[in-house]
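Below, subunit A partners subunit B and then partners subunit C, in two separate complexes.
After this line comes the complex of A and B, so read on.
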């Protein structure tokens, strides 16, 4: 016999006019290798078919199942019950619009942010089907991929103090995304362009430096570093023409292996 | 009812759907993508391996060409594929990969100089050419003469999907996520869009479109154990099948992977066995050498899967609360090797199973992996039976893979067929005008409403019970080993389950909002129909070809079965109507031995001169 697990789960369906937010308790026997994916499906299929939550790949790759697990944002599919106490509390991610119970609308949020930061390669070159691909240093390709690994689960946003206070904050995920384009030579945007996108307190200057984003990221992305790198880049851009250029360019490259575009 | 209108409606926004959407949007057409999850959460994101394309930049891919890629593909398919399509695919693949590089994919690149690579678990040295520095690199995959799988570290699907979705953002394509396409709107001749159910609030929504694309991925969830995401329930194939006029091709062609993990069925790579991992039974006895003295664990995917199943049937499986399984043992490879060369396996084991493979055994079993079958389309992507209906990717039966697809060909197919079908959709839309029938839309919506009302008033089994019964039937009777008796039992059981679906009930109280149970309930009877197409197609196909292995008909029979199954579903029937068509319009590579997997071949009639064409043809 495994442990008896007690799940305390947030329940609220906003479309149900009679409903009020409350916590509901479920009990379940633990099996070896049980994850929250298995547990929640078991609860829905055997105890309460109305329970809402989101899973897709159930392998930590798609980012669907972010939720607050015993007070900490994380991926439910990625969480094994054996690593948790026998009392497990589950809440939906804050900041995002609640769709019901543990399900939140991360899709709309990320789409809007993607449009705001123009999350695509800006190039004037047309694709030539007859030409060989442009060459790229493999080390750089790997570096770009490492920043491209974000799965947009929303955990960093849910854990962010600024995001809780202001709706228009872009958050660590968006700044990391732009850092990816910043180092990509195929993107012809200049530091001035990036300054326009994130050079205010909706962007890099809104960050209070609490850095919970970096702590909770399930993909262990270097969010803290990228915040620092991008903040320095736009800060130095803001003093272009004020600070002597030799100091500016010296500071620009300092300690982060980045060169100004 | 909210009604949207567009030039093209893409149902499904994974790699194939988005690639078609990009092509149409670039040509200036209005595109709407409809998807059950936000596009970046599509199952395409889970594909780690890579995409095959004969770029020939790496030293192990030196001298590669589309023709060699074509031959590997046809052999892999066990001559079940359409050779015209395979040629088109192999010729377009290099262009499609370069185009993705232009869009922003951070492909891994060639680094000149000497490197250590692995083949069959053994390291060897090879020197990459200096003149190829920085070009797209490639890695090895099974069943190929050259190393031609383009990749980005261990996240190819993710990287390409994010790049394509970025392009969609740039082009301003409308994406309607959390939207489930339930039924196609058509008049028996022409497709006009679909009726969908909004998974945010449960409302029905109408879509009118001049062209409709089905790109909803595979239908692995008809099996209990599948590596597919939970959304891979065949929604697109069901919508096509239920029109009664669109056939599904080769539904019996289902690929299994030997090492899905238990309980969550996440895949661990073949590299484990390549590097020397072994398979053990309940007594921790290594059984593979008894069955396959020569190759043991390194026999081909389908052979290892079959032997594992055979051994479990003899009572040597390990019982668990999640069903029977066997063990994968990599402990003897040592901590250093496991945490570096097999890092992905180490991560999956520790994160999802709570097993440390350095000291513990990994629970594995053969697991459904890929659906070769799907909505039957012609080489342009146009579905049989309805004008204005297209399909691409795993949802379709183009038919590139025949009875067994090669690793790396399916992921490549998404963007290659997306590019080709997208261009054909654009061609189709030029100057094309159509009359949308509000009557057809209303009738379809009423039919769906009636289906929902019926479920709400049902008194029989709930959807989970019926789904589980279907999945267990598929595992037990329509799995890896197939024979006439079991397949007949499977068909009988599935027919009985389909009948029980008529009186399906909801277990939970009716709630406001999307109601997850109702969403599942709406899927189940359609999934059982797909299961019946698979089981009945397998029962009728009295031969063994690729992944379709009949114990009672072990030979590949080119005399009678060099054909593709087409499954139609007439309203009210309890079985599909099967028709057949030639597997390929012509032969570039005449039927022969694959060179692996064993098995006898019953040869067909000698080919006539007009059936044979060269790879390079005059236009």
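After this line comes the complex of A and C, so read on.
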């Protein structure tokens, strides 16, 4: 017989004018290999059908089931109950718009930051659908793929102290997204263009290096490393004409394809 | 999107913050190293003090350092949780997340405020009580400044150590793979400096 788990779950329906935010307690018996996703489904099926939470893939791919688990953002489908104490507290991810209980709207937030950072390849080349796709060095393709692994679950944003205090901060995921275009040779944007997009306190300079984004990322993306590369590039862009060029290029050394010209 | 000019001063604040912070960190390291010989020989420290005074290095550097601290604080303050409710949000967030680096930022903020006030008093008392010597330090310590140094020294070392760590992380010089090594080295460094400072203070106190 497994442990008796106590779940304290945030309940609130913002569209219900009579509703007030509160915590509701559920009890459940733990069974082997139980994940939070399984536990929440069991609670919904057996105890309260009105419990609202998001899920889709059950395998840490879709990023839908992000929530705050005992104070730390994480994916419900990725979190086994055996790694947690008997008492489990669940809250919705902060920063994002609350839809109800544990369900939040990350999509609108990601769409907005995607527009802000112009998250698409900028090129002057006319698209020829009949032409063969341009070849890319395998190592570079892997690098780009590595940055593209973000599942947009929002955990890094929920764990970020700056994002919690300043709602206009872009956050690690958006900078990581831009870093993906920075190393993509098909994107014609120069450091000056990236500087225009993220060179202020709402962008890369807002990051305080708290590392929580890195620590909670379910996909283990090196978010802070990307923030570092982008910050260095944008900072050096901000002192163009002040710092001698040879020092600028020496400090740049980010190992990416774009040159500091 | 309206392109901003790279000459926009607001965009350079981060560079100035990093540069002034790095200069101050370097100063703190050198300052404490120069204090170190006091543990072995107070007369050696007196000789260093005499040299700094005779060359006017102390008289010129002291006000400049205070100005640099003010400048660094003024720039870094834009990130501090001064706006309504921000401090509460951040403290609640730190408690819930319980992530060491998030807590350390709060430590950095609180030590910054202490250093801002403490540095002014420290420089003022030293510069208005020349010469720079172990005897004068001992006199000040016995006149009630011991508590000040017991609080001020750890604050300076913590703020400097965390600041160096953050600089390396924020600018990508400390990558994810090297992070634990960096972290260990920074903490060992802070421990060494704290020990050095504590020994120097004890030695000066015992001279009285």
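Quick note on the criterion: the second predicted complex is superposed on the first by the 251 of 261 C-alpha atoms of A that agree within 3 Å, B and C clash if a C-alpha of one lies under 4 Å from a C-alpha of the other, contacts with A are read in each partner's own complex, and residues count from 1 in each chain.
Here is the rule we go by: a contact is a pair of C-beta atoms (placed from the backbone, for glycine too) under 8 Å apart; a residue touches a chain by one contact, two chains touch by 3 or more.
Just so it is clear, the structure is predicted and the values come from calculations on it, not from any experiment.
Participant: Overlaying the two complexes on subunit A, which is it for subunit B and subunit C: clash or fit?
Facilitator: On the superposed model, which is not a single observed complex, subunit B and subunit C fit side by side.
Participant: Which partner reaches more residues of subunit A, subunit B or subunit C?
Facilitator: Larger number of subunit A residues touched: B.
Participant: If we overlay the two complexes on their shared chain A, which of subunit B and subunit C does A:80 touch? Say first, second, both or neither.
Facilitator: first
Participant: Between subunit B and subunit C, whom does A:211 touch in the aligned arrangement: first, second, both, or neither?
Facilitator: second
Participant: Using the superposition on chain A described above, determine whether A:33 touches subunit B (first), subunit C (second), both, or neither.
Facilitator: So A:33 only meets subunit B here.
Participant: Contacts for A:135 in the overlay, against subunit B (first) and subunit C (second): which applies, first, second, both or neither?
Facilitator: first
Participant: Touching A:224 in the superposition: subunit B (first), subunit C (second), both, neither?
Facilitator: The second partner, subunit C, only.
Participant: On the A-aligned overlay, A:199 touches which partner chain: subunit B = first, subunit C = second, or both, or neither?
Facilitator: Touch partner of A:199: subunit C, not subunit B.
Participant: Return first, second, both or neither, reflecting whether A:22 touches subunit B, subunit C, both chains, or no partner chain.
Facilitator: Neither: A:22 stays clear of subunit B and subunit C.
Participant: Quick check on the superposed pair: does A:240 touch subunit B, subunit C, both, or neither? Answer first, second, both or neither.
Facilitator: Second partner only.
Participant: Minimum C-alpha distance between subunit B and subunit C after superposition, to be given in whole Å.
Facilitator: Superposed model gives a least subunit B-subunit C C-alpha distance of 14 Å.
Participant: Let me check the overlay on chain A: which residues of subunit A are in contact with subunit B and also with subunit C?
Facilitator: Looking at subunit A, the two contact sets intersect at 118.
Participant: Under the definition above, what is the set of subunit A residues touching subunit B in their complex?
Facilitator: Listed in rising order, the residues of subunit A that touch subunit B are 13-17, 19, 31-35, 37-38, 44-45, 48-52, 54-64, 77-78, 80, 82-83, 99-100, 105-108, 110-111, 114-115, 118-121, 123, 125, 127, 129, 131-138, 141-142, 144-145, 148-149, 151-152, 184, 186-187.
Participant: Could you pull out which subunit B residues touch subunit A in their complex?
Facilitator: Residues in contact with subunit A: 37-38, 40-43, 45-46, 95, 97-99, 101-104, 106-111, 133-137, 152-153, 155, 158-159, 162, 165-167, 169-170, 175, 177-178, 200-201, 229-231, 262-264, 266, 320-322, 348, 351-355, 363, 462, 464, 506-509, 511-517.
Participant: How about subunit A: which of its residues touch subunit C in the complex?
Facilitator: Within the complex, subunit A contacts subunit C at residues 68, 71-72, 118, 159, 161-162, 164-165, 192, 195-197, 199-201, 205-212, 214-215, 222, 224-225, 227-229, 231-232, 235, 237-241, 254.
Participant: What residues of subunit C sit close enough to touch subunit A in their complex?
Facilitator: So the residues of subunit C in touch with subunit A come to 1, 3-4, 6-7, 10-15, 18, 78-79, 81, 83, 86, 89-90, 93-99, 101-102, 105, 166, 169-176, 179.
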